[in-house]
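What follows is a set of structures for review.
Two complexes follow with subunit A in common, the first pairing it with subunit B and the second with subunit C.
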Partner chain A sequence: MTDIGSKGARRAGGLTRRGALKGMGAAAGLALGPGFVRYAQAQSSEPIRIGFQAHRTGIGAAYGRWYERVTEAAVARINEEGGINGRPVEIVVEDDGTDPARGAEVVEKFANQHKTDIVYGTLFSHVVTGSAPAAGELKMPYYVVSEGYHVASGRLNRWVVQPGITDVRSQVTSVAPWISGNLGKKVTMIYPDYAFGHDHRDFFEPAIAAQGGEVIAKVPIPPTESSFTRYFPQIPSETEVIYHVMVGPAVLTFVKEMGDFFGSGGPALFGFIDSLEAVALSSPGLEFLEGSHFWEGMARYAQPDMPDYERAYREAVGIDDSGASLDDPKDVSTAAHMFGCWETLYVIKAAMEMADYKGPDDRAKVIEATEAMSGFDAGINHPQGAKRFNGKLHQCFGHQNISLVENSALKVVHRTSIEDGLYEPEADYTAQPF
Partner chain B sequence: MRTDGLARIVALHLGLVLLLLALNWLLPEYHRGVFSRILVLAVFAMGYNVMFGYTGLLSLGHAMFFAAGLYGAGLTVYHLGWPAPAGFAAGLAAGLALALAVGVLALRTTGVAFMIVTLMFAQVIYLLTLYFTTYTRGEEGLVLAPEDRFIALPGAVLDPTDPSTRYLLALALFAAALAATVAIVRAPFGRTLVAIRENEERMRMLGYDVFANKLAAVAVSGVLCAAAGAAYALLFGYVGAGFASIQYSILPLLWVLLGGAATTLGPIVGTLAMFYVVDVTSGYTSAYLLVVGLALILLILYFPRGLVGTLRERWLPWLP
Partner chain C sequence: MRRPPSRPAIRRLAFAAAAALVLQPQAAHAHAAERGFVLLLPTDYYLFGGGLAVAISFLALALLPPAPLLAAARRRLPLAAGRPRGRALVSGLSFLVLCGLVLAGFTGSRDPLSNPLPLTVWTLLWVGLTVLQGLVGNLWAWLNPWYGPWRLASRLARRLTGRARPPLRLPRRLGHAGAIAFFLAFAWFELVDPAPDDPERLARAVAGYWFVTFAGTLAFGYRAWTRRVEFLSVFFAMIARLAVVETSRAGRAGRRRLALCLPGAQLSGARPLPVDGALFLLLALSTVSFDGLMATFAWLAAIGVNPLEFPGRSAVMAHNTGGLLAMFAALAGAFFAAVALGARLAGGGPPIAAQAGLLVWSIVPIALAYHVAHYLVVLAVNGQYALAALSDPLARGWNLFGTAALHVRAGIAIGADSAWIVWNLQAAAIVGGHVLAVVLAHLMAFRLYGDARRAALSQLPLAVLMVAYTTFGLWLLAAPTGL
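On to the complex of A and B.
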């Protein structure tokens, strides 16, 4: 367990001589004062503790590292602005090992040992799904930044909310019109043969059909595969667009072998940047991606028309114009996803303030306050852009970026509307009792 | 069954179960939750121990038996709406069926080949859980709704989402598995398994059906592991392919080695020790697996028979 944010908390409190004297005076007053004064003081100054379930180890570690940095930056800023309801925010970090069983244990640890007020995290959908029952049983608000469809599907419970990042169904649905209009209508999908890939397959097919397009072939790749050349002959020759969502360490091999297979020609490529988060586009083997397009939740590379708040956000989280760490240009960020941490923490702040959160007894009120929200304006609290929030689904909807790989960098060429990503809701969590 | 030292063996094991029962009211909330998981996982380790510790069959694929129980219970409850006890029974049946099928084939090999064959079978089961993602949701997994996990008894409904009920149910399973293990290792069947481990050829020469006994050991082991898997699904409400992965084949081996192979109490001690090493060290460093590795190396150097095994070797030779 590690505490971060205490630096911010100290700053918010002010550790000057005058501050220290004031504090000593207040402490003396407290020691002498009647009981209710002590109670009121404790209520107003005690930090709000947020348990942060982080992928510090395991397959999600690259994402986890950046989620942690963004969290630290957001909490420092929230504390500088006076915290939540005037109370400083303290983040308690536990490693979930990118493992669902450990994820659930970590949620229990936050609730029963660290006594955090709420829990927030994490990316990988199996960890969120594995942790959700624990959050529900402990009646612990669990704010996730996972982009999985698990929340909006209604399969989880009332205590799980995803207000800071859009879900895969919405992402897939919103890029279909652009693909159909700009790259082609005959699509072959290459995807990992497990739930993440199946979500893409199941949601993209109807979305492209609605645009008059068609998925003409589906090439699922088993998760243990490390060489891909033998799958490429399955791609029909009339294919206009290859839609690829391979993830994991094999992605470099995948791209290289695809390049070897198609040479300088081949269909247009559209991919999800999930495959290449934390990977430099100048990495050897990725040359074949030049001229292809990617979905990005938030732009990795600084764009010329970037609003000031986006610039301020990038500065706060410590990334340069190419989306790498200011301290180490080789340390490429997970920019397309990590903004979700920043935005989720601001939703948590807003919800706790709306609910006038005093302590664990008010946890249900925080969820109700979140459910009552309808959207968020673009700005420094929501630097990725405006969002619409569906309180029944516990899920936000937003803009998506489509970027072109040009000179080993990503250039945003299209930004979808929020409406592009809307779909018929399948769930209503507000019907569930707390 | 032999009667030598029976009283103190019964007293020790009963004492442990009673101590664990008392801990339901004594442990802080977080640790009670942890113990609930450990008790279930210890049953997994006990199942592994029957094969590895007592029979000398080193399997690298026991995640498949845990997964058989997990999915046997999880899928029937989730998709078919079976009540939890029926789901649990389905988990046991799936574990038994898989154990017999794998046993019949894998026991044709020995030594390294046996390890590889069990590893391969486990990989097949793991890939099947991903292949049938439509039903299993693959690596993302399924969440069992709390009300689907209720256990209806005449006049009462047990709710495993209640921490105390969950702990007591886990303890009941653990106690049953412990009693079964003690009974087996003290019965002629258990002595036969140990004798096969020590000298298979001599047992064959003496007229024992080695294959049948080994197959029975695989079946017992598979059912115990499946019981743990089924209980995990029903008590904690999550069923995912991660539990079928290689990691969950290695973990019971480590728990048993740490606690002491061929000891009845080694599995619970090893599971407990390993959990807390990870839980505590991960709070200080993200390199906690390095600490776990170091702990295992030190263990091999200084306690090659595991914690309980060393205790038995040096001071308590009567431990079963």
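On to the complex of A and C.
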């Protein structure tokens, strides 16, 4: 058995990769682990088993690596503090291959084979959407960290909650006031021409209109495109702000070609760091981004006025002041998203303790306890900041960071209010029966 | 209480949900991966230059007399001679290690990057050992997990039955058909199956294949089975012909001589392969090529998949099965057509099958080059995961080799500098492999025709194919990818 929360898992400056959750042997005996001695006196030393649906392989593997590290760090800390209801937390990792069909199979495996208490994970929206029906059928609480609007849209089911990361609709809505007030009111949007880009288009247009601004042109780019110069003439000359959300391997080419096109001038740029998550901003080709702004869920670079709990979180997950791995400075983290794993695990802990969770029969109670929550205070359990939680929507709302690229680093220049990201709710999961 | 839904029911649900995705808003996180940095490099020049280097090599060879090359291929630097012992013991130990790995697959970590079985099979064996075989020779003859158990079992059987020969004979007309079928199954599992990394699934496949092979060696004899059916032995033996270390028989039975030679020198004297053997080698190359192709935007666009939200392997199984077979058919077709056309240009010569069987050996360095180039990053990163996993194979908190807590440095493959280094190593491997292939093909052609001019003429179409394959190989490594 692995040594969750034991000293063996710790190392100066962070956790080792395999400390807390090297995947827990399917048949490995818990009693063997020296880390669990402390729980012997607990009321029930039976561990809480959390199935971690992870992108270990497939298109999401780069995110999966960091989601795993953060999960490992959070679980180690939770166990050090006595676990959940005095019971140690054990993580069982299954790889979903970033594949919706496998995602559903993994949820089923957690329920029927590994007998986990709940399921937690994953990032990619299509995997969440593919797995959610299985979670509903199996009556398995499914805590996701994907920032998709799919949860709050009401399209999933009562067993799926997203309490640790805000959704894309909220993110897009919340940045509109600042863009209109600081960069300009005439916006041209450049986005990949599929669902992800369409979300930004559909959510941002009304949000900027509400601020008296206007999307004056939309430049959808085919997803298979790898050269962009021929699209730039579509940008109207009166454009004050270019809102860009390109993703994929051609992002660097996109930025470079935009720089070649505009030279030292051009409109202001506003982007979502999703485009460059885990990519060093000092990378060649990105020089043109200097002076532009990005949305960041959580700051990648350490900020001078950073609260102590944020510093402690960064230390626990093992990232340096540039947001890269302490052990490997070229391995830039997915800082803007991965905090969601940490915060979600703390919501799970709170919900299970509120529900006085004893075993699988209490799974519905955990969902009800989560639904009863109204928000979370900023602190080490919620290092990204305070959150409001809407139990009917199963979705949290929080502050967003707007950061300036300065000297190839990101400096937070504005933090939106929670209210900036609120929108008219479209769902009420509590009306659904379990 | 309702019964939990069955697995097919879950699958239906998943597919229904996945099918509904097009209508749903979602966040995507397709990541500006390392390929993004390669896209910024002047790869077009490399594609052109690589092809040109291979073309010039061909022209230079056509103008030069083959004698110095033949002399170089014959050079040997003797290292040692003796009667090596302990092969059965080494293989037996390897078998025990395999048992442990399969046990780990069933009972160890569920995480494919923490379980030693997938890391050993896909990274250490398929990637690492292939490269080692190509450098130092046929280690697999010693390391395979069947020789030792087979020796033991066949000796027991001889004592019990008094028979020395295996009970059955492998029909000669089957040729390498068994190896081709098993290799195809292996490649399909690696490239098309939704979860080849899943430890339990892989453990079942490995255990099943071990039993089938063990039974095959007992029934048909070790030599026959491992030379014509056990695909790893066939593949590794072919790759080992490229090595710079040669073992040869030296006089008295059992005595072996170890010598150093130039890369590919052992191949220059190789006997021709039968057509099915040639097909096996072409299959091996085509699968690695398809592994590269299936991740490219070009392939994904061709099969109607948005590369920025790849729907997962389970959604593209039919397309990738077709692609895998089509790639094999295309490469094999192009190779045999080039040989036939070359024979026609040169006017006669030995039968096409015999020419192809000899010339196909020139594919070996290309196959190894693709292997190195394509899996370089996998070897560098997953090799570290393997080191960590092997220290704690059953996820029990052990630290057998002191590497269990290794922090995997993915950074060695991250960023613009790494991308530049990796790309140049890959390009060097691809171009170097093809240049060596042109040299070998030239020597083979000289053996076939005995005349430098006709040999060069016969090589013209194959040289064109190799230039094209060089460019294709570089393009595979430079093109935008969605996986």
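Note that in this section the second predicted complex is superposed on the first by the 391 of 434 C-alpha atoms of A that agree within 3 Å, B and C clash if a C-alpha of one lies under 4 Å from a C-alpha of the other, contacts with A are read in each partner's own complex, and residues count from 1 in each chain.
Everything that follows uses one rule, which is that contacts are C-beta pairs under 8 Å (C-beta built on N, C-alpha and C of every residue); 3 or more make two chains touch, one makes a residue touch a chain.
Nothing here was measured: the structure is a model prediction, and the numbers come from that model.
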{"item": "Which superposed partner A:112 touches (first subunit B, second subunit C, both, neither)", "value": "both"}
{"item": "Subunit A: partner with more touched residues, subunit B or subunit C", "value": "C"}
{"item": "First, second, both or neither for A:133, with subunit B first and subunit C second", "value": "both"}
{"item": "Partner chain in contact with A:210 - subunit B first, subunit C second, else both or neither", "value": "neither"}
{"item": "Partner chain in contact with A:372 - subunit B first, subunit C second, else both or neither", "value": "neither"}
{"item": "First, second, both or neither for A:283, with subunit B first and subunit C second", "value": "second"}
{"item": "Contacts of A:413 with subunit B and subunit C, given as first, second, both or neither", "value": "neither"}
{"item": "Those residues of subunit A which subunit B touches in one complex and subunit C touches in the other", "value": "1-2, 56-57, 94-95, 97, 99-101, 104-105, 108, 111-112, 125-126, 129-130, 132-134, 137, 148, 150, 155, 194-196, 198, 223-224"}
{"item": "Residue numbers on subunit B that touch subunit A, as the complex places them", "value": "28-30, 33-34, 37, 123, 127, 130-131, 133-134, 137-144, 146, 161, 236-238, 240-243, 247, 279, 282-283, 286, 288-289"}
{"item": "Contact set on subunit C toward subunit A in their complex", "value": "4-5, 7, 9-11, 13-18, 20-22, 24-33, 35-37, 39-40, 106-115, 194-195, 197-198, 200, 297, 300-301, 306-315, 388, 392, 394-397, 404-412, 414-416, 418, 480-483"}
{"item": "Residues on subunit A engaged by subunit B in the complex (per definition of touch)", "value": "1-2, 56-57, 94-95, 97, 99-101, 104-105, 108-109, 111-113, 125-126, 129-130, 132-134, 136-137, 148, 150, 155-157, 193-196, 198, 222-224"}
{"item": "Subunit C partner contacts - residues on subunit A that touch it in the complex", "value": "1-3, 8, 11, 16-19, 21-28, 32-34, 54, 56-60, 62-63, 65, 92-95, 97-105, 107-108, 111-112, 114, 123-127, 129-134, 137-138, 146-150, 153, 155, 167-169, 192, 194-196, 198-199, 202, 223-224, 226, 247-253, 256, 274-280, 283-285, 324-325, 327-332, 337"}
